[in-house]
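Read from first to last, the chains carry the letters A, B, C and D; within each, the first residue is number 1.
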């Protein structure tokens, strides 16, 4: 789960990290009032779960409150990478002497959190990694010990020359690591970490991504979820216990298991089609899930054919068949459907489907070929 | 022969009285797995399915039965502790089926297990099966057949699909290991390749990877240097968009890293035959002159 | 540093452990008011850093507020093992179904905190260990992981049969471990941990000992020090950076280094004398420390001779000599003094002492023999 | 020969610009110890005593000088981190002089060092000296003399007293190790006994213990089983009252455990000659026919 910048800022602040003033607004009037309260120039920043918001016009400098209002009017409601901006963060402009990058990521290879810092901050760290890798220092953290003071100091010396700034940065890194762990993060970054002309070290922008699996035991973090800023179909899928990702093709896919779902999409492509989505109905057997899955798939007007690919294990084929019959009983399908089922209770499922007028295949390649063909015919 | 589990496996089921635990324990018993004990705190003294004694703690279960392996079916928020408990009780292999284990938990679990030299398979995996001998986890026994192909996979149902294709074509399996779809897992491709290479009854290996991370690339390098047996590989997610988690917590292309294309290229460089689709597994094994 | 029971209770409570009601009183009137507030019977418990307060009459049951006041009158101001009772804790009487023991200690051999539990609570755990060791279960905690849930459950099953009580005890043990770590403890125990007839699990008495070395970074814990309840000479010594422990003999000892100080005491005994104290002036050279040390030693009327034993290393002999001259210049010594100095700046020290009319020895055995002889002569 | 430190020791001083650090660095330099670097954050680039380069971090100091040993003189609240830093930088031996290190810190430091196979001496110790070759810590070089008696002790000045008696009687020392007076220490009696036993130039061992804990008892058992060289032992605190910390954090009799009497009895059982007073060291060595 992605947190908004203003939410991440609050978590950093709670961890003791110095963060400049700032407040969040949902309307232009609120943005104006906040700017007025700060006095002087402000930056109006779109709060949206998408990178490149600056380039998309979602971050604007305002010299006064009136201009802040004008910017907020433009930014609120704009769409960046398919997501609508619902809120803006208004912060006073900062005097910046230097910009660095400080981040914590979970590194798969070393199976540890890794601190990553660079004196080349303010820009995308992947770009720094690609062009000037020598400007990045990485340090694996032993999660049993946390980020040790001397490790933070070593990273601090990579960023700064003056001892007070080194110490300030080291303290911020340890606090960032703590905030990362406390939030159940998979990523936490400050970009840029700035120094001001008078030598202070401040976190100007913050990003935190939380491991979804941590939310159960962290109700405070879970409450930060902003479903208004997410794709509605994906929200609906998640609430039903499905994983759905919207794509641009015409073959709607409904599969059990993430690996098989990906392989099914790949096979659609292999046979000349384009998948309309990734959809994993998961391991458990629940006809109601299938109903929701079909609702989501059929809501997409680009879908010209529907493909079910079920390999029964824990998932029972008859449950899936019942789900299909229930869903199509409620709303008649406007597009053709191809069903492939094999494994647990396969025979039972075939009977249920045939009784409802559907036919079922058992071979994956055959089913995918058929679905691609039907989608092509409809186009 | 087989890897990790066989007829000597003496299994404890952690969470034996839960919904998933009880269902799959029955399946494992039917398959012939030596399920010697179950654990559910507060249910110590009961007997499961008229034959498996239930204990309050793993320590008691292992002390009473000499179990050497455990399988974890507890809800995800208790899964890490179940793994710690199994390791403390002295089993040598833990198979964690539970899905949704926080990754930060895993960063702490792994050094704990390493210090104790305990192998973990999973989490978020279908477990392992050595057809005809032992099944630990949830892979349907009916689709498997005794044989000489070793299967290792990050996936669940996609593995079943491939096993199904193998069995249909007459290729039995020595062992099938689902290593799990999470970013941090206990046993990786390299561990399995090394074990299959050392297993005299495994004649060929099928490796099913997916997008995200660099495990497949490292495994390919390892295979080129250390594995003499023919390998056939598949990567799921060729059509996955970058930056999105494709169901599995570990299946995500970060920036330009972890794509199917780079993994398939690594396979090719290492001499691993690349399947374009699951059904290709049979023809590629035949091409490599692996007998069914 | 020992915490009082009422202080330890507060720390356990802050960690989430269920602790019965209770409040602390410094006067009989306060005790009466607290008892009235609770209604019914109460226990009045002396707050003093000494074991065996029950046997000494420091814990009394009262059936009502008037009796509570009467008990408080007796207990407040009483002396237990040389320490005056300044406060009492007043708690409602509890219905007890069972008494257990739960403690965390730092185990030297395994270099770990160890959880120790016993269903035989309410009595001294060392007694249980000596008589029925099978009734104690010990479990080493890896401090990198803390007390893991399954470990706490295993200990819980050793204490109780019913799952709700096992779970409650397991939670309390994890909270106790956390309180122990957060306080910088070297010991934390609940004795007894009781069950009530309705099945609740409660901490009836609490003891926490804090590692003195943790106090610097734990100002909140350091503030709990109650110097009024300690030996005044030991408080004065600690504040001057000395370690002083009062004993019963007649040879006052002043030594640099703990091992040498113990060996000096032992040698006093070896030559037929009795040491009046343990006193380590520590490693640093500071004449002022010597002044305070002499003040403390000479304040004890039992002291008949004073023995200095200094092996100069970091400690400079001339500093000690200067301290002796300064102190004896301010107040003339009423008892003879024997000075042994060797090591760093020994010659300088001898000159300083001789100029002030003292003589100095260099052999430890000779000095101790002389001091014992002088103390014997004065007795 | 000697144990732990010798002419090959290349030393970094952690806290070299502090009061204690600078004083003792000068003493170590005078004694001939190869002090190759110092560390004080923010003082990187300076030179100490016109010859020792100062660095901001241990990583830089070790990378630049190839140091293999460090000595810690930083204030107690930073001591544990200094030890972690030294271990991460790759030295094989760390001598921690600092007094007042919280015991809970040590419970975490020890497994960190064990994983990295780094030896710690201390904390709260006077360090080590191999007379004529190397001195790391604060033991006064002037009282020592090259020779064949190995000394190991939990104490500081009491050790000096014993060394002084040895030297006066013509008994030189191979190495003198102050292991420290804290309840949890990096190197214990057994480690030193094993090292002295293996050191061909050590002919006899003097072991100075005190009340508290059971290290001396375990060391006595170890000595009976594994040490062939004559050992003379002393226990300080025969007159100490139970339940009181005698200066050293570790010097406390808990209940009836850790008394001088039980330790001396363990020595006697193990064939270790027990000194009644420090001065006995010489006569007991002579009794054991150890040549001066």
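Criterion: contacts are C-beta pairs under 8 Å (C-beta built on N, C-alpha and C of every residue); 3 or more make two chains touch, one makes a residue touch a chain.
Since the model is a prediction, treat every value here as computed from it, not as a measurement.
Q: Quick check: more C-beta contact pairs at A-D or at C-D?
A: Output for the comparison: C-D.
Q: CA centre of subunit B versus CA centre of subunit C: separation in Å?
A: 55
Q: Which integer distance in Å separates the CA centroid of subunit A from that of subunit B?
A: Going by mean C-alpha positions, subunit A sits 28 Å from subunit B.
Q: Which residues belonging to subunit D are in contact with no fewer than two other chains?
A: Each of 108 in subunit D touches at least two other chains.
Q: On subunit A, where are the residues touching two or more other chains?
A: As it turns out, subunit A has residues touching two or more other chains at 144-145.
Q: Counting only chain pairs that touch, give me the topology of the graph as line, ring, star, complete or other.
A: Its topology fits none of the listed shapes; call it other.
Q: Every pair of chains that touch: which are they?
A: In this structure, the chains touch in these pairs: A-B, A-C, A-D, B-C, C-D.
Q: Could you list, by residue number, the parts of subunit D that touch subunit C in their complex?
A: 20, 76-77, 99-104, 106-108, 110-111, 126, 138-140, 143, 153-161, 164, 181, 183-184, 208, 210-215, 218, 234, 236-241, 244-251, 255, 260, 276-279
Q: Hey, which residues of subunit A end up touching subunit C in the complex?
A: For subunit A paired with subunit C, touching residues are 144-145.
Q: Which of the residues in subunit A come into contact with subunit D in the complex?
A: Of all residues in subunit A, those touching subunit D are 145, 148-151, 153-154, 157, 163, 166.
Q: Help me check something: in the complex, which residues belonging to subunit B touch subunit C?
A: Counting only subunit B, the residues touching subunit C are 41-42, 44, 56-59, 78, 81-82, 84-85, 88, 108, 112.
Q: Under the definition above, what is the set of subunit C residues touching subunit D in their complex?
A: 106, 108-109, 111-113, 126, 142-144, 181, 184-186, 211-214, 216-217, 243, 245, 247, 255-263, 265-270, 275, 278, 280, 283, 311-315, 342-344, 364-365
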